[in-house]
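For reference, chains read A, B, C and D in written order, and residue numbers begin at 1 within each chain.
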């Protein structure tokens, strides 16, 4: 093992560059993971643009597929050389938040408090996965062995995109026979569509403006396609549902417009399941909200992590219940990650997800 | 039985007057109920002011305690002369909404749709309870016998205030050990406080500015009192919780300010349970919402109705689990209901709820 | 419309015969339905054998597909000539049980009690569906219009088999990534398998001894097939799960042996979802139950009914989420229903479900 | 700190003796806790009698109140000298079971399995708390600081009895207005009664035969007392509920007779919440189980542990929501623990719980 490695580092707003770093030594509860495949997330683009602040010099990325290189002194139950993934969210397992089932809001503020988004550490508060190696904290909580027979790309969506998208469907508490609308069919929206299908939605309405994405949405389980450039999505959905509206609307973009449309197509008693990362205050329109008397629910979800979640998602892939391979549209070696960022940031060439492979 | 009766009628914005009406005949599934006690609700004041439109000539009021005067042809299982109440919300029992558990959003729009707030009929879409008699629709769904030994005033809060306030606690999904804040200690907020206590909240923080209300809040179960005129409620609550915030915040007023304060004191993963009737668009502040990544829930509840709900609430009173008698601060005969409206609309004399007794 | 009709009538244990009956007149809340297709259920065989007692002279059957012939005086929202189904369970909509969400335990015993299985009326407490016509009670609660484009046989499983089997999956509270075992792949077990698939089980293990049924189980979503004549099902399942056991075990037969096997393959914290109709006391083995300390759940479900449930199931068929057409293996005109009973009672010729068509 | 300590050790069936042991050294993730108060549990009596096998030489006891003596190398967020408790169940925080919310079934069997009751370690698989010192494993998961102002005896029930009894009420999913019966009013049953009250049960029926326990049951929240030596409890409960039965029946003894009585008084759709430790196979009577068609639930709970649970329970005591001090009927120094075992094993002198205080 070399003493140094390549890593995609946040230098300043507008600049993420590939540079050299020392390969880190695992602490007692850590594992050092050699990355075999990782990817770039929309959140990384927010970091690139300076919209989401991180420390200068931080390695970016939070979606690791790889091999255990070295285990910390206290880590048991794994072997070096084992193929593993870890979730984008790395809960500690021991916080009040974790023990209360809120693994993503891990950490502690005050005596026994929770830390908003505290479970998100890779490429946020510690060095991330767009590198030859990454330290996985609380390894016994977070390392999930990859079942034999699954390729890197097959499990590459598990750490973030798939876990998040499925969480949107789960938090919506979809029941058999439900009508579900999913606003935006980017990578997370497509996973939400697949998740809604997996939870038993009888009718799924997918909204986007990119025909190729709407086409993939059909493969993921959408029954009705709404191109919002061709028709008003609220009207189209109300018409498709005979004026009834949907049981669950999933917001997978992070805009006021889609948030609002979700509420407008929601039946009384329905649930708005929000996955988007918003960049401004949100407005709840009074009429769509029935002045607060519509028995509505608005729920938000941050990507669930931890090895049990990863195990469940990979099991779902293993038996063919979900196939998110189609989301990898481009592939780059780590050496060319700056090109990959350029492509992804500008959403060129129909890109959905980019697989990045170190050395 | 006389052929005519007195009824408080909406004439035009600003005018609800006591007038004569024909005593109605029950249809096949109705019951005619002789009112022995009813009350005025904050919603009635919205109607009075013209803020919530109803048909001119409509009898107002939706909180009936009384005696069965006459049963419709198909109504079984009750006897004339029986003491009963009915909920403010009168579900039909047979709509798609009811069969899906959404009794308050009863009724039908489109093929198998739901009607927002459709379960609210008394004093909204049909004649209400501020009269000598009222027709109870779908009587077999809605008439709940009053247990022997309970007085009219003891059960007077069941049809609306208590059912709504408790629903706020229930929808918040309070767990043993939760910290709950209740914003505003009017009649509904006080019931939400009592409900939070009944569901196992370990610490209840009550917010208001009226010392007398805060005093009653203590009796209902509040452990911590925050007078928002004396201290900023967000700061006070964050301090009282050691910076952790609350598990559940109940909004019981219907203002942007309290809605926003609820979010600001909510821990990540917490639930905002909203009971207020809002009169404008609502804003969700980005920071308090953690940009949509805080695993927050916002849930709204319309008063649950139906005889089973009423039975459960009265059982709770019967065994002394809740005692909402203290909320009745004033008493008027129906003849003087216009005076009662005047008092209640201007919130004079420390009024919480006014018992109205026909002839 | 003729004055008389044909009906399959329970005469005495061992004899269900086709006889003539008067076509009934709908009461105020009823609808008269002309049956176009119905079927025979395992429960009907229990009735035939005298194992489940019903009144002599009762028309048997509880799975109606047909056309509205005549509506009772109070029934609104339907038109004569409309194609409809009704659930095997016909809740009233107005009982305490219904208003508490327990539609299948409808009816009343005591002051505000529930009646075990009280929602099951067709072919149990009132005349059933194996006839030219049937009276549907509480028609506004129970009549569900059949979507255009769906055939009788496509929706024939909705009233009972599909609703029951799916309920087994729903009551098991299946999560994404769960391993589910379904014991017995008769009609209900096959529907439970399809339901488990629809709820997101990642691995479904189907147990039976009839190769043809196991083959259909694969089509319904089973990943692993266990023929209990070829291997011990407990051992086979523990091996297939690497010693972990299953998250949810669904009992779809009604025997001590399968009930016990469910517990034996259940992980700590797992759920046994029971659908079987048992004919004797059940034994819970101490070891498998971990002496009561395994955080196990045992839940039982009676077929959910009502028009909303039927609507949801038909929506699921409409979008192709479930296709239970393969379960109809035989077809008979009503005239030959006695032959159909003979075939079905003796489970000859690989029979799963028999479609019965009047006139 | 001395090098040796006193500890109550299991020698052989029939003999638990106080002996000397070395004070242990904390491993990296452990904490050494100096016990200030502990107690004897019914389970310890099973161990004493040899009914539940543990290793010879093991220190018994699983209910620790004390002070942190020494922290393991990796343990952060605590200070030596801090007053703490730990739950009887010490989850690791990092197992698949923990990450799936099944903390009590912690540990691993097979690849990613769960270990029945694996969270119970004190006095079962590692040395317990009836000693001067105890090692708390996974200290960051399990150590819960005691709020200022609470005495040892006030929090002595938290580690096991209170957590278990409350879990019985929680698992029963009690709703406002529910009628709950609690079978047996020993320490756990009394806590279940207090828990049912805390969750909003409107009527609680307590069953036992010891008048003093029934008297305490009233203080804990019971409304109706049934002495099963004076009347048949099934008849008494059916009469008290007007023939309706109860919504939730809690079994807190561990016998076939009480298990069966629970089912017999359960309404259709009701939940049997089982806390007892059974010593033989259980029989489910067919009639009470409505042949599997009663929409019944049977749920079992093992004591929830972990610092968050402990924190919540102590918060409940702090605000006076529950006061279980009355359960401590006797007090012994650790030196006389053999006497205490003798008293407790023979249930002499109205003993409920015995506080044991090391030198």
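The rule is simple: a residue touches a chain if its C-beta (ideal position, glycine included) is under 8 Å from a C-beta of that chain, and two chains touch if they have at least 3 such contacts.
No experiment lies behind these values; they were computed from the predicted model shown.
Trainee: Higher C-beta contact count, C-D or B-C?
Mentor: Of the two interfaces, C-D and B-C, more C-beta pairs touch across C-D.
Trainee: Report same or different for the chain B and chain D interface, where same means the shared residue numbers exceed half of all residue numbers found there.
Mentor: Both copies, chain B as well as chain D, present the same residues to each other, with over half of the numbers appearing on both sides.
Trainee: Just how far, in Å, is the C-alpha centre of chain C from the one of chain B?
Mentor: Result: the chain centres lie 40 Å from each other.
Trainee: For chain B, write out the residues touching at least two other chains, lowest number first.
Mentor: 100, 112, 311 - these are the residues of chain B that touch more than one other chain.
Trainee: For chain C, which residues count as touching chain D in their complex?
Mentor: 97, 100, 102, 104-105, 109-118, 241-245, 254, 267-269, 274-286, 289-302
Trainee: How about chain B: which of its residues touch chain C in the complex?
Mentor: On the chain B side, the touching residues are 28-29, 73-74, 77, 91-94, 96, 98-101, 103, 108, 112, 138, 140-141, 306-309, 311.
Trainee: Applying the document's contact rule, which stretches of chain C touch chain A when the two form their complex?
Mentor: 166, 170, 175-179, 195, 198-200, 202-203, 223, 311-313, 315-316, 318-319, 321
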